[in-house]
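Paired with chain B in one complex and with chain C in the other, chain A is shared by the two complexes that follow.
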Partner chain A sequence: MTTETVQINPTIIKAFVHSTKNVLSTMANTQCTIGKPYLKEKNTSHYDVSGIVGFTGEIIGSVVISFTSEMAIKLVEQFTGENYTADSDYFADAVGELSNMIAGNAKSEFGLTAGISIPSVIIGTNHSVARMSDVPCVVIPCETPYGKMAVEVNVKCVG
Partner chain B sequence: MKFLLVDDSRTMRNIWKKVVSSIAGTEVFEAGDGLEGLKQITENGPFDVMLVDWNMPNMDGLTMVTKVRETDKKSIIIMCTTEAEKPRIIEAIKAGVNNYVVKPFTPDTLLTKIDDTLKKAGVGQPA
Partner chain C sequence: MTTETVQINPTIIKAFVHSTKNVLSTMANTQCTIGKPYLKEKNTSHYDVSGIVGFTGEIIGSVVISFTSEMAIKLVEQFTGENYTADSDYFADAVGELSNMIAGNAKSEFGLTAGISIPSVIIGTNHSVARMSDVPCVVIPCETPYGKMAVEVNVKCVG
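The block that comes next holds the complex of A and B.
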């Protein structure tokens, strides 16, 4: 990796830390502990359930919010008040909306003009998510009472 | 009072529906994007209050609000969105929204927002 690509904007990482905590506590009454962010090499997702939101404008790329399925089911239950299984459309919708809020809330702290895509949700063990290869992927590990999740940030500023 | 809830996430619509249904005498309609929202207005409108998300497929909330305001200056529109940047809020106000709530928000926040907006517009007080 070149020096240029390993430069990570701390404002962006901080924004995702804030938004993740805010969305989980406001929408799912769930507190999370943030671990030390690190660079990720592989393309495979961390866990079994991933919500993906793209960025356009002065910042491009995506964020992947990856959960263990156990954790996602619990979190969705906290969010919706319903116990959906991972194959339910409602489950995917709820994961998508949580991801949308995490991405959108973080975006407002970037200080840039940017838009977000409609969220996509992928469910399945060891799925991979294509990313921009010239941009480092920073993983923000999160621990909750229901299990682990990871916020994977793969963005670059173009503004 | 007639409500229209427009958000591409049905989870969100369900949460809003619970909030709105706690207000006495409400009738609730839903739409999954701006186009469906306009269709609901044609078929079941006019609505007293519309809660409208911004980021949706097919037609976004800002476009929908702009279209609604071409003919309807009266309905109360509250934008409920993750879009929180000042220029966005200004854009929405220019398009004609009465109020703005940034996601994530709790049911209480939404209820208070609806209440305040109705009062400001001089519409009878909800529950």
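The block that comes next holds the complex of A and C.
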């Protein structure tokens, strides 16, 4: 795994840490405690709701922001003021919007020229988002009053 | 839904139809019959395996290529010559690679300046990929000897 470790730019991980804390705090009035980021080696994490945003340009890959259903519903309620169920279109839009803001704010901080795709939102009990074997994946664990979430950064710099 | 219909560029949908048929045929020796593409209005489709590729540039959004587990395992076997289970890293890599080729070949055909992200692969029984309400989503249904799959094109042109 040595070559993967070398490819990871700590500035990018720090930018996602800051961005996650800021977006949750300012947009959803939710404080989160960030755990120690670690390298994901196996596709063993399972979640109920994930927002995925792709990156292209000097940095390529994706960021995946994953939650349990309960956590995502609470967070969306804090963000929108409404108690949507996970099958609502508004719920998916809200998760997508939060994911988009986390990706966009991080991009502003790390300063590379990159495009970000429109978010995709996965709804499905106990799904996993597989990492591609040629892209390192750093997991940023986050704890909030509503439960745990994870920000998985699957990117490599090509600029 | 009228405004959405107007935004959809038939050249893009045709490019994904051609690309899907070509990639399956040439890379996985699998013929597929394309059904009539339709506008997805509700997040009601559920799958077991999805490959997602994001687009940025003159076209933004994503393409989601979804399968049942059985279908994906058969297709990966045709593509790689190996019978991987859905929890294998090689399986996810193969689904990602097929998704990447379908997105990349379509992009070459429709000719817009666009970046494509590294694929994300979702593994989870009966998950759905929500569409964002401000991006039209056209579903291209495909039938193969191994089962049904769907190519969902969630893009809008901004170039």
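Descriptive notes on the structure:
Keep this in mind: the second predicted complex is superposed on the first by the 148 of 159 C-alpha atoms of A that agree within 3 Å, B and C clash if a C-alpha of one lies under 4 Å from a C-alpha of the other, contacts with A are read in each partner's own complex, and residues count from 1 in each chain.
Quick note on the criterion: contacts are C-beta pairs under 8 Å (C-beta built on N, C-alpha and C of every residue); 3 or more make two chains touch, one makes a residue touch a chain.
Nothing here was measured: the structure is a model prediction, and the numbers come from that model.
In the superposition on chain A, A:80 makes contact with chain B only, while chain C stays out of contact range.
Once chain A of one complex is fitted onto chain A of the other, the partner contacts of A:20 are absent, as it touches neither chain B nor chain C. Once the two complexes are laid over each other on the shared chain, residue contacts for A:101 go to chain B alone; chain C is not touched.
Residue contacts after overlaying the shared chain place A:93 against chain B and chain C alike.
By the touch criterion defined above, A:30 reaches neither chain B nor chain C. Of the two partner chains placed by the overlay, neither chain B nor chain C lies in contact with A:45.
Applying the stated contact rule after C-alpha superposition, one finds that A:61 touches chain C and leaves chain B untouched. Of the two partner chains, chain B and chain C are each touched by A:118.
Of the two partner chains placed by the overlay, only chain C lies in contact with A:135; chain B stays clear of it.
Overlap of the chain B and chain C interfaces on chain A: residues 93, 96, 115-116, 118.
Those residues of chain A whose C-beta lies close enough to touch chain B in the complex are 22-23, 26-27, 79-80, 90, 93-94, 96-97, 100-101, 103-105, 107-108, 113, 115-116, 118.
Chain B meets chain A in the complex at residues 8-12, 14-15, 55-57, 81-85, 87, 102-106.
On chain C, the positions that touch chain A within their shared complex are 42-43, 46, 50, 52-57, 60-62, 64, 87, 89, 92-93, 95-96, 115-133, 135, 154.
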